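You will see two complexes here that share chain A, one where it goes with chain B and one where it goes with chain C.
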Partner chain A sequence: MKTTLPVAIMTVIALIIILDFFVADAPSVQWIKQSGLVLRSWGIVISAFAMGLGAVNLLRRHVVTISRRESGAFYSVLLVGSMLIMIVVGIGAGQDSPVYDFLFSNILSPASATMYASIAFYIVTAAYRSFSAKSLESWVLLLTAVVVMLGKAPIGAAISGFFPVAADWIQNIPNTAGMRAIMMGAALGVVSNAVKMFLGLDRTYLGLRD
Partner chain B sequence: MERLQSIPKAWIYVILLVVLAGPLLKPIGIPIQISDEVRTSFNAIDSLAPGSIVVFGFDYAPGSAAEMEPQALAILEHLAEKQVKVIGISFQAQGPQMAEKAFANTAWAEKEYGVDYINLGYRAGGQAAVAAFASDIPGTFSTDYSGKPSTSFPIMQGIKTAADIDMIITIAPGQPGPEDYVRQVYGTYRTRIIAGVPAVAITQVAPYVQAGQIEGILGGLPGAAEYELLVEKPGTAVAAMDAQSLAHLLIIILIILRNIPNFFGAKQAHAQSVSNSTQKGRGGRS
Partner chain C sequence: MSLDMGIWVAGLVTLAILSHVWKENPFYRIAEHLYVGISAGHAVVMAWGNIRDTAVKPLAEEGQLVWIIPIVLGVLLYARYFKGVAWIARFPVAVMVGIGTGVAVRGAIHGDFVQQISATISVGSVNDILLLVFVIASLSYFFFSRTIKGPVAAIPQLGRVVLMVAFGAAFGTTVMGRMALLIGRIQFVLGDWLGVMK
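So, the complex of A and B:
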């Protein structure tokens, strides 16, 4: 019962969502449409709660770090302080208030953009260190990367019309073919996993090993 | 020769900084070619009749704004020119603020909120939220960003499901993104989709484009730059193209430097093995 009931609930809900995708708008199947609508709304509510739960968990973890004065406690103070300020301002003054807008535009946005931009420096050094061709395969990979990099920036076309054409071909033919194969494989995997879950063969999502 | 394989990190950082900052301060003006996928996206949006309803997914955050925001701004300028109506939504927590900023920095600032455009804010739930949106737009986005009932705005009158929408444009660097709109919206409602993605995600979205499920894509900053040129409003993306070109060139030069010793090392090893086998051959005969 401890496992049968959750499996039964999950199977019924999943079947309603799947059927909702395929059934037409006929009045006789409106209950499926309506049930699907309600279940999706529940999904949104659960996701919102999950976000709140995540925030509480993050707060708890970092408060422990601060109280125990563990290494990196300073960063935890920054995180907890920033989080509380945004929560208080967001709930108190509202998301469209000038204070919230100021914090978002002048602290969060530049800080996030800086983090993202700094990746460029790591990419360049990583490319320099890791692109060491020592076999035929690695030379092929290297040349492909060079052609795509040149073809996807204006300078490639400025050097030769070959680069954009070759880059598009690499992207649209071999690359997309590989990606399509991965996607179809993953989709088949998802379907088979879903069937296993419906049949109660896969119960790992309940915290059970078999 | 071995020095080429161990250029200090700090030097590379400084060179990259110069390569990026130089063209931003003094543009070179490398010509930008319009790619087929961007032209297809432009033509699809250009085909919209005045008054058409477009849902604009601001599914990006400040972190990726450098790459994604120019795409959003260029497309929004085009939509304003086409006099369509835009419903801004987001499945990314910081998306609504990005929408506010984008509307304020384009021709939409002069249009009437609630009549010509609206910002419906954020809904949690990822793909499940996209599915809920497709089947019940006013139910999923019951209020706008400021908390007023969404159905109280003229733009939302008659909008119930994704079937009532003429086009969805999503600017998304990750999940939920174009794939989720294809699965949950196009699969059932056949709504036209245009996607703006980072350059690294083009491959991921390409199968959907080739299948016709996504009508057009803009890839990264080059996609934004090309679109800016098509709408004749060059902006930050066009300005950044020289810097990106030179950065790509720098990476290629560094990779070549790194591999020069490998190349000559392999040649030497090959020559050595040929000479060894020749010597062995002679030894065998003698």
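So, the complex of A and C:
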């Protein structure tokens, strides 16, 4: 019951949602359509509770650091404090309140953009270390990256009109083809993994190893 | 130079995070922990908004009792904190994974497979023919059931080159996207905050 029933529930729910998409719009199968719709809206609610679970885990981890006065306790205080302020203000006064808006607009938004921006340095240094043009394929990868970067920057168009045109063509034809092939392969992987889960061969989502 | 406190905070946070490019330092760690705390708090507020609007309001205002089920399932997720009954949390997890798997499989079959094939075989120009050839070549590269020998071996080799072009394009696009963000942050610091650039 502790293992088989959850697997059965998971399989039935997944099959209803899959069937909901593929069955015809006939009155005899309306219950599948309705069930699929209801289950998907349940998913929004349960996922929201799961988000709370993540927040509780984060709080527990940092409250332990603070209570034991471990190194980095000061940073944990900042994390817990800012998190609690956001939660209390966001739920109590709403997302339109000035405090919530201040924290969102002046810390969360710029920090998020800067975090992503700083990745640019690491991508470039990683590429410098790993890109060794020793074979045809690595040359192709390197040249394509250079052409696409020049094609997307104003300096590329200033050097030659070839770069924007070539970058567009690369994006639309070979890039689409390669990504499409990867997408199709991944789709087959998703389906085969789902079948494994339906048969109870993959139960890792229940915290079981085998 | 700006006199707005919000711009000062945003500027200091930006500099603190960028300082990590040089090396790990206390300013970066302060910004990092504030970022994680505020992100997590924002996520909880959004999650509460979803629960309130999707389940609590229809239950409380319209008496739709069916919403008790997902609320109870959501609460059961927290059973994992109580040793004797931790296994009960498997039920809401099973429901969530079932919904996720169902949505993923239908998206994979329809969007990532059928529609992609349909778009690939609708040939109307030279570029469409090239696209079809490149897709077939790329797919043949993933064919591992038997070793492809002879003249046809050129097809997976072409596929390999096409995949390298795709990876190169993805790399170039990612770098340029990040660069655009970086330029935006530099413009903010030098323009909006310090006022040394217009």
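Criterion: the second predicted complex is superposed on the first by the 179 of 210 C-alpha atoms of A that agree within 3 Å, B and C clash if a C-alpha of one lies under 4 Å from a C-alpha of the other, contacts with A are read in each partner's own complex, and residues count from 1 in each chain.
Heads up, the rule we're going with is that contacts are C-beta pairs under 8 Å (C-beta built on N, C-alpha and C of every residue); 3 or more make two chains touch, one makes a residue touch a chain.
Everything numeric here is computed off the predicted structure, so don't read it as measured data.
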item: Contacts of A:Y128 with chain B and chain C, given as first, second, both or neither; value: first
item: Touching partner for A:I155 - first (chain B), second (chain C), both, neither; value: first
item: Chain B versus chain C as contact partner of A:V64, first or second or both or neither; value: neither
item: Residue contacts with chain A in the superposition, chain B compared against chain C; value: C
item: Touching partner for A:L188 - first (chain B), second (chain C), both, neither; value: second
item: Partner chain in contact with A:L201 - chain B first, chain C second, else both or neither; value: neither
item: Partner chain in contact with A:P164 - chain B first, chain C second, else both or neither; value: first
item: Partner chain(s) touched by A:I18 [first = chain B, second = chain C, both, neither]; value: second
item: Touching partner for A:I44 - first (chain B), second (chain C), both, neither; value: both
item: First (chain B), second (chain C), both or neither touched by A:D96; value: first
item: Contact residues of chain A, present in both the chain B and the chain C interface; value: 21, 36, 40-41, 43-44, 46-48, 50-51, 95, 104-105, 108-110, 112-113, 115-117, 120-121, 123-124, 127, 142, 145-146, 149, 152-153, 171-172, 175-176, 179-180, 183
item: List of chain A residues in touch with chain C within their complex; value: 2-3, 5-7, 9-18, 20-22, 36, 38-56, 58, 72, 75-76, 78-87, 90-91, 95, 100, 102-121, 123-124, 127, 136-138, 140-149, 152-153, 167, 169-188, 190-191, 194, 197, 205-207
item: Residue ranges of chain C in contact with chain A within the complex; value: 6-7, 9-11, 13-14, 17-18, 20-21, 29-51, 54-55, 66-67, 69-71, 73-75, 77-78, 80-81, 87, 90-106, 108-110, 112-113, 116-117, 119-120, 127, 130-131, 134-135, 137-139, 141-142, 159-176, 178-179, 181-182, 184-185, 188
item: In the complex with chain A, residue positions of chain B that touch it; value: 5, 7, 9, 12-13, 16, 20, 30-33, 35-36, 61-66, 93-94, 96-97, 100-101, 123-126, 128-129, 131-132, 135-136, 139-140, 145-147, 187-188, 199, 202-204, 206-207, 210, 219, 222, 225, 241-242, 244-252, 254-255, 257-259, 262-263, 266
item: Chain A to chain B touching residues, read off their complex; value: 21, 33, 36-37, 40-41, 43-44, 46-48, 50-51, 94-96, 101, 104-105, 108-110, 112-113, 115-117, 120-121, 123-125, 127-129, 131-134, 142, 145-146, 149-150, 152-158, 164, 168, 171-172, 175-176, 179-180, 183
